[in-house]
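Worksheet: the structure to be examined is printed underneath.
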Amino acid sequence: MSSSFGHLFRITTWGESHGGGVGVVIDGCPPRIPISVDYIQHELDRRRPGQSKITTQRKESDSIQILSGVNEEGLSLGTPIMLMVLNEDHRSHDYNEMQEKFRPSHADFAYVEKYGIRAWQGGGRSSARETVGRVAAGAIAKSILANLGVEVHAFVKRIGSIEADVDTNTVSQPVIESNMVRCPDPIAAQKMIELIEATRKDGNSVGGVIGCVARGVPSGWGEPVFDKLEADLGKAVLSLPACKGIEFGGGFLMTFQTGLEVNDEFYSEGPDKQVKTKSNHSGGIQGGISNGMPILLNAAFKPTATVLRPQATVDINYDNTTLTGKGRHDPCVLPRAVPMVEAMVALVLVDHALRQRAIMLD
Amino acid sequence: MSSSFGHLFRITTWGESHGGGVGVVIDGCPPRIPISVDYIQHELDRRRPGQSKITTQRKESDSIQILSGVNEEGLSLGTPIMLMVLNEDHRSHDYNEMQEKFRPSHADFAYVEKYGIRAWQGGGRSSARETVGRVAAGAIAKSILANLGVEVHAFVKRIGSIEADVDTNTVSQPVIESNMVRCPDPIAAQKMIELIEATRKDGNSVGGVIGCVARGVPSGWGEPVFDKLEADLGKAVLSLPACKGIEFGGGFLMTFQTGLEVNDEFYSEGPDKQVKTKSNHSGGIQGGISNGMPILLNAAFKPTATVLRPQATVDINYDNTTLTGKGRHDPCVLPRAVPMVEAMVALVLVDHALRQRAIMLD
Amino acid sequence: MSSSFGHLFRITTWGESHGGGVGVVIDGCPPRIPISVDYIQHELDRRRPGQSKITTQRKESDSIQILSGVNEEGLSLGTPIMLMVLNEDHRSHDYNEMQEKFRPSHADFAYVEKYGIRAWQGGGRSSARETVGRVAAGAIAKSILANLGVEVHAFVKRIGSIEADVDTNTVSQPVIESNMVRCPDPIAAQKMIELIEATRKDGNSVGGVIGCVARGVPSGWGEPVFDKLEADLGKAVLSLPACKGIEFGGGFLMTFQTGLEVNDEFYSEGPDKQVKTKSNHSGGIQGGISNGMPILLNAAFKPTATVLRPQATVDINYDNTTLTGKGRHDPCVLPRAVPMVEAMVALVLVDHALRQRAIMLD
Amino acid sequence: MSSSFGHLFRITTWGESHGGGVGVVIDGCPPRIPISVDYIQHELDRRRPGQSKITTQRKESDSIQILSGVNEEGLSLGTPIMLMVLNEDHRSHDYNEMQEKFRPSHADFAYVEKYGIRAWQGGGRSSARETVGRVAAGAIAKSILANLGVEVHAFVKRIGSIEADVDTNTVSQPVIESNMVRCPDPIAAQKMIELIEATRKDGNSVGGVIGCVARGVPSGWGEPVFDKLEADLGKAVLSLPACKGIEFGGGFLMTFQTGLEVNDEFYSEGPDKQVKTKSNHSGGIQGGISNGMPILLNAAFKPTATVLRPQATVDINYDNTTLTGKGRHDPCVLPRAVPMVEAMVALVLVDHALRQRAIMLD
């Protein structure tokens, strides 16, 4: 029971990989917001399987439908917006052996332990397909944020040991989308693509780090003490499949340094004395509240669990056995996870924009 | 508006560092649980200022009172438990310059931007003093977990570059508490203490990493898709002051590796075919659900913002100036943050224990 | 932003009368519950327009689809269940004049004031069509309750001044469904039908009272102090279209009496000393908690706002004018509201069953 | 687990009648609101026992303390406000027989059934003393509403069969407070006082109806579909001790009438074409949203359960017995319930004011 996320701008996702479809209900979208089906579809296409040679080769068209909450002129009504993608016919025979055996490090064992029942086909609710609803809702969130002067950009920062050089002050979607791995550093991108291809040929998988920047966030968003921006952004991103870590600003690296090295000195400039910081080790967040600087975070995504090589495991009777994965799986989730991270960050920021607005009575 | 945390075992903290006091309301504590004031006080003493030479030298007795929810025999009634520590008289003159100027990387600038009003004395709600309520509630959570066979242990894993060698399968409170830095590796502990002392003498501050293990968690806790254990634990710990990152199991390190290296192979043993994993890179969580292995996490705490050396900043009129911190501050928050991390982890686990119980109709 | 209801068994409805469809996401349904499409459809048919001569003559087939959360054997997976009814083609020309003018006592004026935008066709989100999702979810809730020994029965108790004689200890669905007005008293039912028909011919509308009994609820459900059973049941039923009042047990009538007259004396009987009350003016709820006696409530439904006679009103430019309603409207909402009340009561009871289960650690 | 109420302006109450005290945490109060201890105390004095000869003669000073969330100038900080009244020494020997036996229609039996443990002294959490926190928080809510041009007035409308004549367009606190029964009709008030006194001498108790009006509420507050104003106000008021019914506008009476009789015709007047309704059977709420007219509701309060005459009941071993109540109890809860109803209505309205503000992006 936790398919809803957000306090005022609240989404509820539904759907398994092999049921009737997947989708999302967005409750709390302000009225009279232009909702573009094309833009939502564009974002969904970024997370779609089969989009390039380095993602899974499953073909899914993922064509979005809006069933409520938007009028004929494409404006939000203030009522719940239901967005849906129907599932297509699927080749379930790929999964035969995985029906009988648990994949190491995959969610299916834990799901059976929790629910006492298994939707074995394709991973059920733990499938990345669940994120269709998140990305669709995130597209609307990004539209609202754009009107508030806020832009959110996620990108692949590292695959395995190949790290990109990225300027978070300028990075934007065109350069991120300029290559299939969604890394804004073209030299690193090429190496990453080669690594992913080699990994797939080897039947193995690889992980990495996705970076994200939100520029234009005004100071004052974030709700102490439990809904600090780090806390809500952390929860949002850590709820994505395969995400096992997150850090803000200087993050883990900052723990090797001293206060004098990483404190962000304030200064003001211009006739309106706008306050900025000289450095941004805080990642735009202090005391859980935005301070007007760009919000910066990195998220760790582990290597895909499903590999096409034999591993020890147990079967559904909990007897010891060996499993060799089959089927069309992503050897690296990061390229498709980029729009997912963007969506989750945007959802948190819109929610906090509305929350901050609510308390400003004057 | 976010001083509450948890879905079924729900806490609401209140209080500033320089108001009447700080405390917590625990709503949803099951009835007939023995509540030990001594144990709560013991946990509070672990987070108390002035407890050793490496923490702030402010003296606060932090004596806990229970005002509701517990009967005369010390059993919980099922009704809200209110726990409170009154504030003592305080030397507010320490803060005079900080009343007029914003500390770099401290929360006070962002608070003013958010609320348009300042409780300048001692940090107000952003003070670590707010965590009194968390630690008190966490003590009750740990008591409930102990009855369920679950124990939670946090410890200092690294200060600056000094890293401890810790066996998470055996680490426990006696060894953690055997030194003032709360590091279970005595050799590293000694070096850490020396580093913190040197840092304080230098007017500087230092950060590090706190590790935490929860042993005995059964499989099946955690609620996909938004309240996955990583998501809820991440939010919980990232809501602590100075925490800027979290990782589970193999975490960021795992992103340099391949699936074949980090997948946790299952095996079963014994007459009841108990399933375990050979390695635990998943940190006991797969698909957001506990898998029966120990839950493992690391949390990054940045160096304390307040340093006793001059830094550029702005004053409350947003004019450029310089500030030299004064007063008795922790040069390193980690020793006192250990019980805070334990508390937040315990609160999440109890909440999920109750949530899992609710859906098991048979 | 409030299309969700419930704490552990939580529903989120979506959809307008004239968009793509209407539906519901059920989050928190326990796993391995048999879900019968036929039973859900049966309940939807009870609330369907055009079912008899005393309801609106609009024809809607309201055919339910399950898109997620249920496996091929018809068992719940523990994941969100999405239930949907697509909208059919509609004769929107009926609504031409109502597009330009506000119906007195109808929701459309308030919606425009709130959202600054109008989904004029058919009432949008304020339409009774929104209750499709509630009734569908309620059918699942009733199935779960049946397994717990709880049955919920709503019925028409009064239309205008015609009051039925109903024994809440025995009333059940067969006798309630034995006539089109859903009144278990056949003599009153006949008079009610005649009144509704005469009212419709007159272009007028009429209100009344729906009674509801939940038998078999064990003692101990309900959560003081804000989620008392009266509070949650009250909110649930008052959220239905046209409902303007609710009372429990003796209700308003009891306020004319004294404590000695209405106190429910306890007695115990049998070898296990089962406690009951001699009377049930409390309606099975004391201190907000069920006491083991049948839960009794009455809900007041006002006459339908849309009447086919001229009334003064304002147009969408807020100029004074006159409107004569047109189209096929229910002259009396009560027969179709019976399954809605049942659904809302069942949803509250299932939620509290799970909540009570969560706190019982021993 | 339900001691919290509200979505953005959220209160959490704590405390039993015979523990350390009672209080409330208010989370989400906007910053920079003047908080007057005197005004809060004034409201608490209206609900205090022993205030007049027709209430219980227990003496409790109920002196409020503010422990957090307010600065030295009396302005809210935006952080949680904790308000507390310590309990005084109590004469628990009054309750000896009631320690062994359950009072008919009182909450104590249901509490024991729910929690398996008993705080027998004085009713524990089910005591009206729990409402101290509600009334204190309601005073702050009323202050905020006053700044928004909204005033909330509750009053005794009927005691037993004695009904007052009240003009809800003009009724205000001075006339309500002009007599000890809080009925704005002086002739009815006198009769009510006599009835209550006679009832007390008889060892009996009596119930009645409290009316409430909120004037100045702008159109557009209320959140369809589950947080309609009727739903949230209904839940709020029905959560008060002894409340067993609520109705809005024409309420139950309206169910005897036809649409043409009770529809509220719109008209506009003045240069800005302000829209009003000729009648107000809707009670200011249509489709769950305020329409700009006064919000009107009536709440039914049953006779106090505790009477000083013998009644059949069971003891704590569930054996049949007889109990004669003792102690100082209110023979009629309504005079003291007036400020409670006002508080709950004000809390709902402030919450919805903030919620409506959040979605108005332009």
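For this structure, a couple of remarks:
Each chain carries a letter (A, B, C and D) given by its place in the written order, and its residues are counted from 1.
Everything below uses one rule, namely that contacts are C-beta pairs under 8 Å (C-beta built on N, C-alpha and C of every residue); 3 or more make two chains touch, one makes a residue touch a chain.
This one's a predicted model, so the numbers in the text were calculated from it and none came from an experiment.
Looking across A-B, A-C or C-D, the pair that copies the B-D interface, with over half of its contact pairs the same by residue number, is A-C. Chains compared, chain A against chain B: the Cα-based superposition rotates one onto the other by 180 degrees, nearest 5.
Counting the residue numbers that touch the partner chain, chain A and chain D have more than half of them in common.
With A-C and B-C as the two chain pairs, more C-beta contacts join A-C. Rounded to whole angstrom, the centroid-to-centroid distance between chain A and chain B, based on C-alpha atoms, equals 26 Å.
If you average the CA atoms of chain B and of chain C, the two centres end up 45 Å from each other.
Distance from the chain A centre to the chain C centre is 39 Å, each centre being the mean of its Cα atoms.
Within chain A, contacts with two or more other chains are made by residues 1-4, 8, 13, 28, 31-32, 78-79, 114, 125, 224, 355, 359.
Against chain D, the residues of chain C that register as touching in their complex are 1-5, 13, 102, 104-111, 113-114, 125-126, 130, 158, 160-161, 199, 204-209, 219-228, 230-232, 234-236, 238-239, 241, 243-252, 254-268, 273, 275, 277-278, 281-283, 285-292, 300-307, 309, 311-314, 317-320, 355-356, 358-359.
By the touch criterion stated above, chain D contacts chain B in their complex at residues 1-4, 8-10, 12-16, 19-23, 25, 27-28, 31-32, 65-71, 75-82, 84, 114-117, 119, 124-125. Against chain A, in their complex, chain D makes its touches with residues 7-8, 28, 30-33, 78-79, 144, 147-148, 224, 354-355, 357-362.
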